[in-house]
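Please go over the structures that come below.
Shared between the two complexes below is chain A, which pairs with chain B and chain C, respectively.
What follows is the complex of A and B.
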């Protein structure tokens, strides 16, 4: 479904990605794990065309989306829940969610209402706080709001950038259970994580990144059992 | 006593013009995340558009306001093309420099094309009411009504429409907005044009209220709109409106106690004093964002 070929990103003199290639098939959960600065976020930012690519291409459902505007990529069907959540602090929870409708190509009054209901059903706490400003939510609630916004876009594929970052372990488990649930809605998921344990537990396949390269790939099970992965990323 | 009330009335009237400019300024500032230096010149072009409509086309004040609005809207589109769109990847300072450049070109161009003399703007609404010894000009009430209608319209637009919601989202976080499918470029164009158009209207009012337009009137007008917006909290739209009205009152009260030469000095001294106490302005938002 998503085909990334030889992706390169430079920030000035610093090379963040040195030719990254991978693919995500329909209805899979694929994870990219790796330590800080390995280039995981840059990969997602380059797919969404927020970071400028210095080489390589991204194909989505056979179509070259490498040079589309970020908003057009979203409308083509790739949602992106960014690292650090990026909540609009002075919009209410509901307004935050409604911004996501901009990226929804199939939006109508009825689908918007149905999507909103679905988000509130998944995250009852958001329904409770719908008229509260986004900036007043706790970290975990903000992450739920960020995911909820992604669901309002209702894309075929969702990119998650470190959804566990800075959250209490109990909330991390909730978030990961949700990601599995979202796959059950028929979405394809690309998940970027430092928390390799959790990510490999829910993923079908995974890639390991280091200093701008993919150094390992395989099924989630293989990676979890790989001794070098275990020592470097699983803390075993 | 009447004397003081009269000053207050005049201050509010003058402040309503500043409020309109400041709302436009706050809007542009919020959406770009940067100060623009073309603001005064946009006000000047709006004022001249209104002036030409009134004198040469002999239209009424309403058409003049629409002319100012439209001219400034179009100028806003041109400014976006020249100042912002061509330099998307550069450092932030690029946009400051390009707006300074365009402002200079507009000011000098206006002096060449429109002349360096003050032009006399014909009177509209010369009548007045007297209320307990205080004189309220019809034009003063008219300006307040224009301010009220335009702010209410803007408020409704921001509150009720999808584009309005996108404008607010882009002003808070461009990356997040883009990742939710908002066409950030389109929103920048629209937000900048609306901000400029409001300034155009304020320019027409400025010309009509003081009966004159001038090619270099933009300098002081731009400064006043900046000051009003800073007073209100820089990107807060209601704050800008309040800041504008207050600045108008400050100026007139200053004249009351000192001579009229001190008008700007008093106004800006009070502005500095307010900012010493509340650095984020009256309705400014402190960074409440969670990381």
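What follows is the complex of A and C.
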């Protein structure tokens, strides 16, 4: 579904990605794990074309989306839930969610209402706080809001950038359970995580990144049992 | 004050009706006193101008300080249409707005990537370019002589020639401006503007074409400034480039900042204060502008979010609003 070939990103003199290739198949959860600065977020930003690519290509459903604008990529069907949540602090929860409709190509009054119901069903706490400003939510609730907003776009594929960042372990478990549930809606998911343990537990396949390269790939189970991954990322 | 705010929040429609009643009653109370009527007209005119700027600075976070340039374009469009082509007020009004909006698009396309202070300097430059072009393009704009003899507007055969009539004209324009702005802000486009203001990256990742929406925003905001310019041209029946200096642009900006950017009521409050204050201190002659400056300093110190800004009229009190927790554990 998503085919990334030889992706390169440079920030000035610093090379962030040195030719990254991977693929995500339909209705899979694929995770990219790696430590800080490995280039995980750069990969996502390059797919969404928020970071400028210096080489390589991205194909989505056979179409070359390498040079589309960020907004056009969302319309093509790839939603992005950015790292650090990036919710709109002075919009209410409901308004935050309604912003997501902007990128929804199939939106109509009916689908918007249905999507909104689905988000509130997934995250009952958001329904409770729908008239509260986004900035007043706790970290976990903000992450839920960011994911909910991504679901309002209703894309075929969702990119998650470190949804566990700065959250208490119990909240992380809830969020990851929800990501699995989102896959069950028929979405394809690419998940970037430092929390390799949790990510490999819900993913089908995974890639391990280090200093701008993919150094390992395989099924989630294989990676979790790989001794070098275990020692480097799982803390076993 | 707090009690008043609470009352307004609880009885939204009722307070709107009360405000409308007061605004309709005012000209009857001060009829015959042209000085007071003119101040009331100025308050409403500057309310429209401040609202138009607030749409840009307050809602999409672009920083425009050259609103006087668009105001000027609107005024000259109306003056030229009326004196040379015999176009009536009701056609000149949208035409002035559209020409102002069009010129903002021409400014917006090359400057769309600029942010903050850089965009501000560009709009400042644009405002001066407009004024100087008009001042020197004598064949078209009569340059420093200005354009006199703009006829009075008519309304179904009734000629609006008194301040009393102009009051109701600008009241209508202000009401339409506010109503349309309110509707647009609560639409998908308005939410997209606020999203861009709050977090451009997140707005992009939600599929908002941010560059295009910023240009829409500039065009929408300057449309109303152009319309206000048209009203001004008819009100004074004479336009001259001197009326549209940078000072004018700064005054409009101050109204937005003092009143409270990002709220619909803010610019109205700001326009009221900054029109009335210099009038109250007329006895100080030139020093009255010092009072004006002091008032701005004091407001910025006591209420940096503006008199009516920062959610005074929103459901949540400003004290309980925290910025987005970055990485705070839940």
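By our rule, the second predicted complex is superposed on the first by the 236 of 236 C-alpha atoms of A that agree within 3 Å, B and C clash if a C-alpha of one lies under 4 Å from a C-alpha of the other, contacts with A are read in each partner's own complex, and residues count from 1 in each chain.
Here, a contact is a pair of C-beta atoms (placed from the backbone, for glycine too) under 8 Å apart; a residue touches a chain by one contact, two chains touch by 3 or more.
Treat the numbers as computed from the prediction; the structure is a model and nothing was measured.
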Q: After lining both complexes up on chain A, report clash or fit for chain B versus chain C.
A: clash
Q. A:19 contacts which: chain B (first), chain C (second), both, neither?
A. neither
Q. Given the touch rule stated above, what does A:69 touch, chain B (first), chain C (second), both, or neither?
A. both
Q.
Output check: A:101 vs chain B and chain C. Expected answer is one of first, second, both, neither. What do you get?
A. both
Q.
According to the stated criteria, A:142 is in contact with first (chain B), second (chain C), both, or neither; which is it?
A. both
Q.
With both complexes overlaid on chain A, does A:80 touch chain B (first), chain C (second), both or neither?
A. both
Q: Mind working out whether A:218 is in touch with chain B, chain C, both or neither, as first, second, both or neither?
A: neither
Q. Looking at the overlay, what does A:55 touch: chain B (first), chain C (second), both, or neither?
A. neither
Q. Which parts of chain A are in contact with chain B and also with chain C?
A. 48, 50, 69-71, 74-75, 79-82, 84-91, 95, 98-104, 135-136, 139, 142, 149, 153, 166
Q: Would you tell me which residues of chain A are touching chain B in their complex?
A: 48, 50, 52, 69-71, 74-75, 79-82, 84-91, 95, 98-104, 135-137, 139, 142, 149-150, 152-153, 166
Q: Can you check the complex and tell me which residues of chain A touch chain C?
A: 48, 50, 69-72, 74-75, 79-82, 84-91, 95, 98-104, 131-136, 138-142, 149, 153, 165-168, 171
Q) Residues of chain B touching chain A in their complex? A) 89, 162, 165-166, 168-169, 172-173, 175-185, 285, 288-291
Q: In the complex, go through chain C and note every residue touching chain A.
A: 188, 191-192, 194-195, 198-199, 201-210, 262, 315-316, 320-330
